[in-house]
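Across the two complexes that follow, subunit A remains constant while its partner is subunit B and subsequently subunit C.
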Partner chain A sequence: MTTGAVALPARKVDETSRSATPEDRGPRGHTKVGWLFAAPFLTLYVLFLIGPVLIGAVISLFNTTTVTPGLGTWVGLSNYADVLSSGDFWASMWHSVLFTLLTTPLLLLLPLLFAILASRMARGQWFYRLAFFAPFVVPSAAVCLIFAFMYTPETGLISNVFGWVGLTPPDFFGSTSGAWFAVTLLTLWWTFGFNFILYTAAIQEISEEVYEAAAIDGAGPWQQIRSITIPLLRPTMSLVLILQVLASLKVFDQIYILLAGGPNYSTRPVIQYIFDTGFTSYRGGYAAAATLVYFVILVTVSVLWLLIRRRTAGPQSA
Partner chain B sequence: MRGISRRTLLATGGIALAGAASGCGTPVATSFTGAQPATADVIFWHLFGGGDGANMGTMVDSYRSSSGRSVEPTLLSWGNPYYTKLALSASSGRPPDVAVAHLSRLPLLARAGLLEPVADQFTEAGITQDRFTPAAWEKATVDETPYAVPLDTHPFVMFYNVELAEKAGLLGSDGRLKPLTGRDDFVAAVSAMKEAGGEEYGAVCTITADPSTNWRLFTMAYSGLAGPLVTDLGTKVTLDRDAAGETFEFLQSLTGSERLMPSTATATTSSTLFSQGRVGFLFDGVWQIPTYRGVEGLDFDVAPFPPLLGSDPVAYADSHALVVPRSEGRSSARTADAVGFIKGLLDQSLTWADGGHVPAWLPVQESEDFRSLDPQSGYIEAAFNAVYDPPGWYTGAGSDFQTAMGSVIASVLSGGTDPSSGVSDVADSLKTFSTARSPV
Partner chain C sequence: MSTAAVTPTATVHPPRRRGSADRNDASSTAFNRLAATCVTLFALIWLIPFAWAFITSLRANDDIAANPTAFWSGGFSFAAYTSAWESSPLGSWYVNSFIISTLAVIFTVLICSMVAFALVHLDFRGKAAVFAVILAGLMLPTEALILPQFMEFRALGLLGTYWAIVLPGVALPVAVFVFHSFIKGIPVALVEAARIDGASWWRIYSQIVMPLCRPAISAVAILTFITSWNAFLWPLLVLTQTKSQTIPVGLSSLVGGAAIQYAETMASAVLGILPLLAVFLLLQRQIAQGVANTGIK
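The block that comes next holds the complex of A and B.
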């Protein structure tokens, strides 16, 4: 499932290094040593990424199950036909997309805002960086349990906060809209730090001299942010955008642990659909077909993004 | 890093690693050789938390001390994840020696060849058909071979408030609910409860966000009129549309036109209304008995449902059973230990009955000790009238099937769907399940 995100940059790096350095590749021995150094990674990559994808492609053509050994009976492309005509599959696909639409804008813009604010703090910057990044290292299960406490009707902190300001708290576990609110808020708090750090790093890359020159020319802080920081952060923003879209499309843990895809499967993301059919309903072959359909969609998204970037930004952009 | 050379470091690390590996030697070694780990005489998987978990703990402990065998019990989370783990462990050749399974989940496990049949070694230990509740034993039999040893039957029943029932004139001379004879009698009893309580409703059943409870209520009523919804391991739909329509009309009248039950009720609504004596009846599973036993000032009893539609009483039920997952490498001595452990648990069925379950093991069920348990002794007949989930590879406790069916039923009960569209929705959903490719 993660192959779409991982395989693509890897292949790209490969291409650029090959095309950029045909003549200065050095003596033959160097390439051998290079392969040797890459061997541990390549072994794991083939064993745990390429291998399973190939196995998945094979079993998607069989009625493979998790309750009987072996491949099962040959069924050709009918697993794919079943996946493509399954309402449940497309509903769960839509839930993954909806989650992406809900979380991406927030996780693209809010970390940018806070990274800029934190970078302008005169002292104690390390504290703000730590404070914003810390939630990211908490495991998903722990985050979900803590939020589940806070979302509990009547007794939970977040439910009570709604009461304090005179609002009726949404039914976080019982209604679809409440469930989406719950999982979006959790994701925002939890993964905020990663994008924040990417922006912070990019802000540090911007030379102080540019700001000095602007200050001498009489630019105030707001003008500096608008005319220097944000334009120079544009490449980082587009990187954050694609990383965020791919990460959001892969959503599973939060929704599975917090809501189990409920109420009545109305938040079940596509990866949980694959998990449910493959493991709970024991239909490995069908789940493999669903995985590959999803894989193709992710690769398509990545390729489209690359093409758009090439067209709009020209050849110099990475 | 100055004082330590790289070689020393590697050597120390190697020794530490070897030590770690030998520390938990058996499971690590066996995971490479593909054999079953043997850290105890009997490795036992179950899915009981709460009161049931405590009772099971007591039973395992007392078996340990009486038999001198070591038992390693593992509690896994209830429902789908449990069955995923059980199936995968058996199909990959490293299953536990004994596991708990719901009988409603048995057809797939048995058909996939993941379970040892209940055969000679069990017979020698005295585990024979004639010593179990017939309905449970029948459900434990797949393709004419028994594959599980039933531990209990836990039916869907009527809880009633004794004070309100007395006020409503529903109690007999023995202080228990007078037997109700049919649909009209049942409706009259709920109406009488409503009047006795002076509140809005006479009964409550959890309808909102609890598909399984809806499914139990529906199946109980529907099974009075017709056979299972699907047959042939779930590949053939045998829905009786007229019976389903009649069932929906009857159930909807309780929440709708008769206004005897709330049409939306979460689990909290149900327990609040019943605990506070604001309704006379609660329709739920017997496993809720421990919950209400703890409520101060609530005097309740439990009775099986009367025949609602059709002439014979039907109890929707499921059973916990003990199975021995198939493992190539298990020695016959180990199997004998597994059988001995199962027999040991059966003999302690009285402890198990504390959780509201009716023991399937007749020597305990017919004993004076069990017959004097209240309220458990009030619904023994439900175990004999038990109707289970239809046999299918996708049906059973906590399954997606129950969720899908229960959601349609809930929509009818809450008034969002009329009975005839409800029947169509059920038929559509059954079509999706029955045409999906079966894993066995």
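The block that comes next holds the complex of A and C.
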């Protein structure tokens, strides 16, 4: 059914535009064909991006359940009042924020450092790209399978590494701090390469002449990095920062698969909270209200970033 | 003809060769040598989880339990792969993942390039509004919307189908902007000449513009394929039958399962990694460029 819906406008485009002659290229001359080209995209965009926002807004005003069809009865804004006064909701919100605070500095600075060092190598770039970026194409579930095995007490590699350097490994699955350590390390390994690639690309944009001029002036490698590379990478760092913050606030996969939000919900991120209330407790209306509160927070973060960037960097884009 | 001439974004940079103007003094050389050691060491550490999973998958379970960190303790075998393949429907998961990702790629490339083409070459009433709406879409955190999305698909009766997985992702604002900036780099003269020859807009789009967009198509296609193949949360909700699941969802059910079946679990993980890793090894450069050009996450 959808194939038809997508193919149909295309065929119509062909017919209408064939009858059009080159002379009717007025400013308004392409309205019909323009909309036909945009129609498949806009249809799906409205249905599946705008649609859920509106549906969520409506459901959040009813005591809808996810087991039976239908809206249920009107409850006004009481779902929102419940969400905003729920300790569990704010706890899970805090877990998402804490995850962001734990991972973002590492994922902002470590890839930067290694991208700068790797870019100084004349050969072997492919190897660094391979080693750092390959984890990014691995499904989260496979990453969690491997890390869960490496975190296993006694038999796991990482548990043993702690022993080799004379430390007691933390309880990766049973203690909250151990669990955060486990998730942070896994995330660092998994997503490091993405930022590494962004930095590497930006470093290659820097003109060779700048470095040559600096070298002639007697700047050593460390001075070159500090006074040329890093300042010129500031826009990229700002881009990486916002991508990182937005992606981290949406964390779900690793925490859910590796820890199921445990121990005792102490790492449960907000998406899992919505998932649990909506699909395990079947409180659709309530979960929709939580969704919208969360949604507004995320949109606020990106809009704030846009405003800050516009003020500091001027009209040029990152 | 050379596509490089109309490539505004995708440029291949040779690795920088330093040293011509660098004063080849001792401190510079020492610094570079230290840097090389650090990066290489770090890169090797990054490869350990892959190596570890692979080696474990070849060992015997009782041997792993007895000597957990020994790399070699007599004899490797592929037995774990056979039993991993037999104990879970990996075959069906591969097929599902492949069909879903392929459909996602086809639809994303088609509809996003069409709207981008319209935005560049067609002057239509409401164009500015369409552009603004798509731009705003860049900021919509769609992953947050699983619950209302689920309700919508249940109402449409599409739960449990491939369409439920494919459709929500294909109207991808980032992809529109990749195509938009690329199509803008194609000389207008080509399009105008075709118009004078009486070619329809559909023909201009499909036979002139799209063939010139190959780098943009491959960037969007590869990244859509990876994203779609690795998607977890939405498929987890929508595909509830074990046999209809995708690789990530199916594999996640093995985490924390049989704790003693180390080799078999790692064999499943390796099998889950292999297809995309193969794609990655083949298309390393394009994937890296695609990421650099779009910043999709």
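The working rule: the second predicted complex is superposed on the first by the 274 of 318 C-alpha atoms of A that agree within 3 Å, B and C clash if a C-alpha of one lies under 4 Å from a C-alpha of the other, contacts with A are read in each partner's own complex, and residues count from 1 in each chain.
Following the convention adopted for this analysis, a residue touches a chain if its C-beta (ideal position, glycine included) is under 8 Å from a C-beta of that chain, and two chains touch if they have at least 3 such contacts.
Being a predicted model, the structure only gives us computed values, none of them experimental.
Taken together in the superposed arrangement on subunit A, subunit B and subunit C fit without clashing.
Look at A:L239: by the touch rule set out above, it reaches subunit C but stays clear of subunit B. By the touch criterion stated above, A:F114 is placed in contact with subunit C alone, subunit B being left untouched. Looking at the shared chain after the overlay, A:V293 reaches neither subunit B nor subunit C. With both structures placed on the common chain, the touch criterion links A:A179 to neither subunit B nor subunit C.
Applying the stated contact rule after C-alpha superposition, one finds that A:R129 touches subunit C and leaves subunit B untouched. Residue contacts after overlaying the shared chain place A:T66 against subunit B and subunit C alike. In the overlay built on the shared chain, the residue A:F279 is in contact with subunit B and with subunit C. In the superposition on chain A, contact is made by A:A38 with subunit C only, not with subunit B.
Comparing subunit C and subunit B on the residues of subunit A they touch gives the larger count to C.
Between subunit B and subunit C in the chain A overlay, the least Cα distance found is 6 Å. Subunit A residues in contact with subunit B (one complex) as well as with subunit C (other complex) are 66, 69, 279. Contact residues of subunit A toward subunit B in the complex are 63, 65-69, 75, 78-79, 82, 173-174, 262-265, 276, 279-283, 286. Residue ranges on subunit A touching subunit C, taken from their complex, read 2, 6, 10, 13-14, 17-18, 20-22, 25, 27-35, 37-38, 40-42, 44-45, 47-49, 51-53, 55-56, 59, 64, 66, 69, 114, 117-135, 137-150, 152, 154-157, 160, 189, 192, 194, 197-198, 200-201, 204, 208, 211-212, 215-216, 218, 220-222, 239, 243, 246-247, 250, 252-253, 256-258, 271, 274-275, 278-279, 284, 287-288, 291, 294-295, 298-299, 302-303, 306. Chain contact summary for the complex, subunit C toward subunit A: residues 13, 15-23, 27-28, 31-32, 35-36, 38-40, 42-44, 46-50, 52-53, 56, 64-65, 68-69, 107, 110-112, 114-115, 117-119, 122-127, 130, 133-134, 137, 139-152, 154-155, 163, 167-168, 170-171, 176, 195-196, 198, 200-203, 205, 226, 229-230, 232-233, 237, 247-252, 254-256, 259, 262, 265-266, 268-269, 272-273, 276-277, 279-281, 284, 287-289, 291-293, 295, 297.
Chain contact summary for the complex, subunit B toward subunit A: residues 80-81, 83-84, 87-88, 90-91, 108-109, 112-114, 208-209, 211, 266, 393-394, 400, 403, 407, 436-437, 439-440.
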